[in-house]
Amino acid sequence: MSLTDDLYRETILDHYHNPRNQGKIEDASAEVEGVNPLCGDELTLFLKLNDQGIVEDIKMNAHGCSINTASGSMMSEAVLGQSLEKAREIIESFKNMMLTKGEELPLDEELEDLEALRGVKKYPVRIKCALLPWNTLLEGLEAAEKKCCQHS
Amino acid sequence: MATILDKPETKEAMSSLNLEKIRRDFPILRREVDGKRLVYLDNAATSQKPLSVINKLSEYYQRYNANVHRGIHTLSEEATAMYEGTRETVRRFIDAKETCEIIFTRGTTEGINLVASTWGKQNVLPGDEIVLSPMEHHSNLVPWQVLAQEREAKLVFLELTAEGEIDMEAAAKLIGARTRIVAVTQMSNVLGTINPIKELAALAHKQGAIILVDGAQSVPHMQISVQEMDADFVAFSLHKMLGPTGVGVLWGKKDILKAMPPYMYGGDMIASVSRERSRYNELPWKFEAGTPNIGDVIASAAAFEYLSELGLENVREHEVEITRYALNRLREINGIAIYGPKDPQKRGGVISFNMKDIHPHDLGQILSDAGIAIRAGHHCCQPLMKDLQVMGTARASFYIYNTFEEVDMLLAALREADKVMGNVAYR
Amino acid sequence: MATILDKPETKEAMSSLNLEKIRRDFPILRREVDGKRLVYLDNAATSQKPLSVINKLSEYYQRYNANVHRGIHTLSEEATAMYEGTRETVRRFIDAKETCEIIFTRGTTEGINLVASTWGKQNVLPGDEIVLSPMEHHSNLVPWQVLAQEREAKLVFLELTAEGEIDMEAAAKLIGARTRIVAVTQMSNVLGTINPIKELAALAHKQGAIILVDGAQSVPHMQISVQEMDADFVAFSLHKMLGPTGVGVLWGKKDILKAMPPYMYGGDMIASVSRERSRYNELPWKFEAGTPNIGDVIASAAAFEYLSELGLENVREHEVEITRYALNRLREINGIAIYGPKDPQKRGGVISFNMKDIHPHDLGQILSDAGIAIRAGHHCCQPLMKDLQVMGTARASFYIYNTFEEVDMLLAALREADKVMGNVAYR
Amino acid sequence: MSLTDDLYRETILDHYHNPRNQGKIEDASAEVEGVNPLCGDELTLFLKLNDQGIVEDIKMNAHGCSINTASGSMMSEAVLGQSLEKAREIIESFKNMMLTKGEELPLDEELEDLEALRGVKKYPVRIKCALLPWNTLLEGLEAAEKKCCQHS
């Protein structure tokens, strides 16, 4: 069961069983939904940006598989407190890790947890599970940014 | 039961089929996945193919590949004879009256779309009702949604009992004077439920409506007679019944087919063409525009023959027994939810379940790592998932080559999954 | 020429292809028909298949047959990777920008019907014009006739020169402000004519119209770049280019495809489904409802690879030379009428002809008895037959495995036919 | 070339090169068109019945292959002067000959010429060529009969 062990490493299972930042934000700057057409998994993401464009709060409402849930949980930790710009950078490096074939660049040290998801690459179908929260976040950031701009 | 469980060898003796012999006909079953023997339990998605089908395909391309119908040379005559001969094989298999009622399609989905967009556009008017069951595959739902929107017609859904069977009392009321068509699956690809087509056909016909049967899951697994069940259309896919991918059959009553406009336009479906206008060919060619999937249609004949030789009643009996065994064993697991009828006689060899708290995707993945192929997700039945209040299910589905031992392996792997996921459902 | 004619061995040396080696790859070419070696000259109808394609098909069914996209188990992942991998192979082959522009169909006919009934219904309004050439195959004519009737639009036909080429001066006038689409073949399956797509595309685009290219005869025989030719849609069939029957490709520009409604509805083409409403999937899957023809799509990759390895420019050169030789030899026959451009550089390897007074059916039959497979009839181009004032033609069409010697055998058989029919055309 | 010889026996070639009863009937009881969708061959058939329902005249306008032309020519000879009933019988026996597999019943002596077409059975596609005139005749007889009935 080496592959399975790989995939369900401790980190993933930890985030899966105790997902961080679950819930809702009442006065969110953006609320977006994501759906994985292949399996029907859904996700609602709430974002709150402050005036400086910092991700002040992020919450999720997800019923997904372990990969999906853990990926979302890790993501929320990674971007909480980051600037819009930095958040987009993180998304970029994560998506890079999941989608590039061939040479493998390690993630920055502060994103170490996310390394656990690298094993998912062996299972092409499930890459979509891992990416769903991140693609939803991209949409959310855009929506939130628009809203902030309208405010100012 | 216990003694039987202890001796896997004897369990196979319970089967109405000679499994050992059958398994030798399917080369893929000798395959290993990551060092483990393949246990293929995803038959409702697509079945594996016997050597006779693979060889017939290969023989076609090596011996007499040619375009059909218009060719005058030997190869084309041979290919045409084999292609049209398969139509007769299908006719016999489903007990149709005439070969001209057999239309080759890409699969069930195309067959249903064909009916919705030809018969449907001609016959469904604003205010009319299209009756579906809540367990329909997207292929027998979305085409009707679109037709209903275009025609301002209404979709009416039948009701299900707690065990996932169609509530026939409610059906007698829901199928009414405005009903134009009842479109329903003969066997659910999620619940396994076998629906009473003959009774539904009677209800439909009483109201002057017609009935389309989604036979994707039934035709591969049980003897059907389109005349006996008194259907108006039956659609099914060869790839789910030992045949190659890319072929399906739409059977329809001749008079209805005759009155329908064509579906696609092009070569082979015309009688004569001028710049501005065309006359269309006779049945069944009116509905087969362009070069058909000649090789796969011809190879399909071997699939029908393989099943006929086994005997559909034996196929059905084997599946009832393996399903009975699997249901019993699965019920041993704490915290498992199994959907559909409890009585294996009332259902096909498709078992959907959830092990509490473990997402079906995770189950599917862990089982795959053990060499066991099941399906996980919504099975193209999202509305039914909503009714069941789940995101998806795990689904094991059986066919003629599956053994009781493989059920045991499934069970062992499910327990392992439970451990891997850190869950405590099973003790 | 005379010396070359005397030594058939040396003629093959004129080819840009290693014919001997190629012929070994096609098992069917070793077949005998009534004791005579098969001479297959019906390639415009369908081509023969190399072992690499047949084996890939067989390997798929023996090693990793599974339904694609939604499966989580190993077989399904392998099948999905190969299926989607073929999309990339196609993209490269036709020089498309993105794989999401590649839609797998059953063949050219389905591709064109798809466009006519989605893009067409959305964009063609009463009074609009659909411009076709008079040499279109029924598959690129009848769908537009039906659309025109439904939409009260008008079909406008381009004009042909005496040699069967599109009159571009007339075209510049016929393609006008009301033109919504120009649908035209890149290579005629009767005349062999190669049409100037790039120029026609420019005329169409200048008027805000789009252009659909029927690539059924061109894509198998010459290098194309959808970007170079600036088309909006190109449809073609794999069975005419070494691939299995039952697969085709529709390529379309992404922005146009995105704006189109789906064609068929069902599994795989949806993003989410509720009882009343559905959201559709992204490109290209939006247009691939139901289980696709997985095996044949995967095997098609081997066909593309085979042609790429030969090099499309070598394929073309071989066909130009064998066509040149055949045209010269056929012209030796008294009372023969040969249709289409005289210059082999301006045409594909398709030669339609009539030997005075002998009905093409009789020719086809007599040739078949000599082991030679040609086609006889209207070739799904009845309007063109009318223009040519014939009931039909005999047609020989070449591909990568045809030899100059086979042309000689054709000639000998034609003379024999002349005798059998008691005709005195040739002395 | 044995098969070819078979098929293009003298009788067929004779009828092909000199088809009987070609032309038009101006005051026909029926005029019908037949088409072979596979090859596009067309045929116009003219029929004249007299008061007793006898085929008084039959003419054809055909541009078909040898099988088609010869079959039509032989047919015209076979039914000329026959009663409606007898004509239908002849059609029946000819179609039987062309379509039944297995045991082969010889045709009546007076239809001997038609035996020459038996060889066509080896070429399934061309059975349609041979049958086209006959199917067209069936239609023609029906139309002519209707017209006669309307007269009376």
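Order of writing sets the chain letters: A, B, C and D. Residues in each chain are counted from 1.
Definition applied: a residue touches a chain if its C-beta (ideal position, glycine included) is under 8 Å from a C-beta of that chain, and two chains touch if they have at least 3 such contacts.
Predicted, not measured: the structure shown is a model, and the values here were computed from it.
**Q** Which chains, if any, touch chain A and chain D both?
**A** Common neighbours, chain A/chain D: B, C.
**Q** So using the touch definition from the top, which pair is joined by more C-beta contacts, A-C or C-D?
**A** Here the pair linked by more C-beta pairs in contact is C-D.
**Q** Counting only Cα atoms for the centres, state how far chain B is from chain D in Å.
**A** Their C-alpha centroids are separated by 47 Å.
**Q** So, what's the distance in Å between the C-alpha centres of chain D and chain C?
**A** Roughly 38 Å, centre to centre.
**Q** In angstrom, rounded to a whole number, how far apart do the mean CA points of chain B and chain C lie?
**A** The mean C-alpha positions of chain B and chain C differ by 33 Å.
**Q** Send over the residues of chain A in touch with two or more other chains.
**A** Residue numbers touching two or more other chains: 38-40, 123, 126.
**Q** At which residue positions does chain B touch at least two other chains?
**A** 34, 70-72, 76, 270, 272, 361, 365, 376-377, 382
**Q** Going by the contact rule at the top, pick out the chain C residues touching chain A in the complex.
**A** 69-72, 76-77, 80-81, 270-272, 281-282
**Q** With touch defined as at the start, can you tell me which chain A residues reach chain B in the complex?
**A** 1, 3-5, 7-8, 13, 17, 38-42, 63-68, 123, 126, 129
**Q** Quick check on the complex: what are the chain C residues that touch chain D?
**A** Against chain D, the touching part of chain C is residues 34, 359-362, 365-366, 369-370, 376-378, 382, 385, 391-392, 416, 420-422.
**Q** Would you mind writing out the residues of chain C in touch with chain B in their complex?
**A** Contact set of chain C toward chain B: 27-28, 31, 33-34, 38, 40, 42, 45-46, 48-49, 53-54, 57-58, 61-67, 70-76, 106-110, 112-113, 116, 134, 137-143, 145-146, 155, 157, 237, 239, 244-247, 264-270, 272-278, 289-296, 361, 364-365, 367-368, 372-377, 380, 382-383, 386.
**Q** Under the touch definition given earlier, write down the residues of chain D that touch chain B in their complex.
**A** 35, 37-40, 123-126
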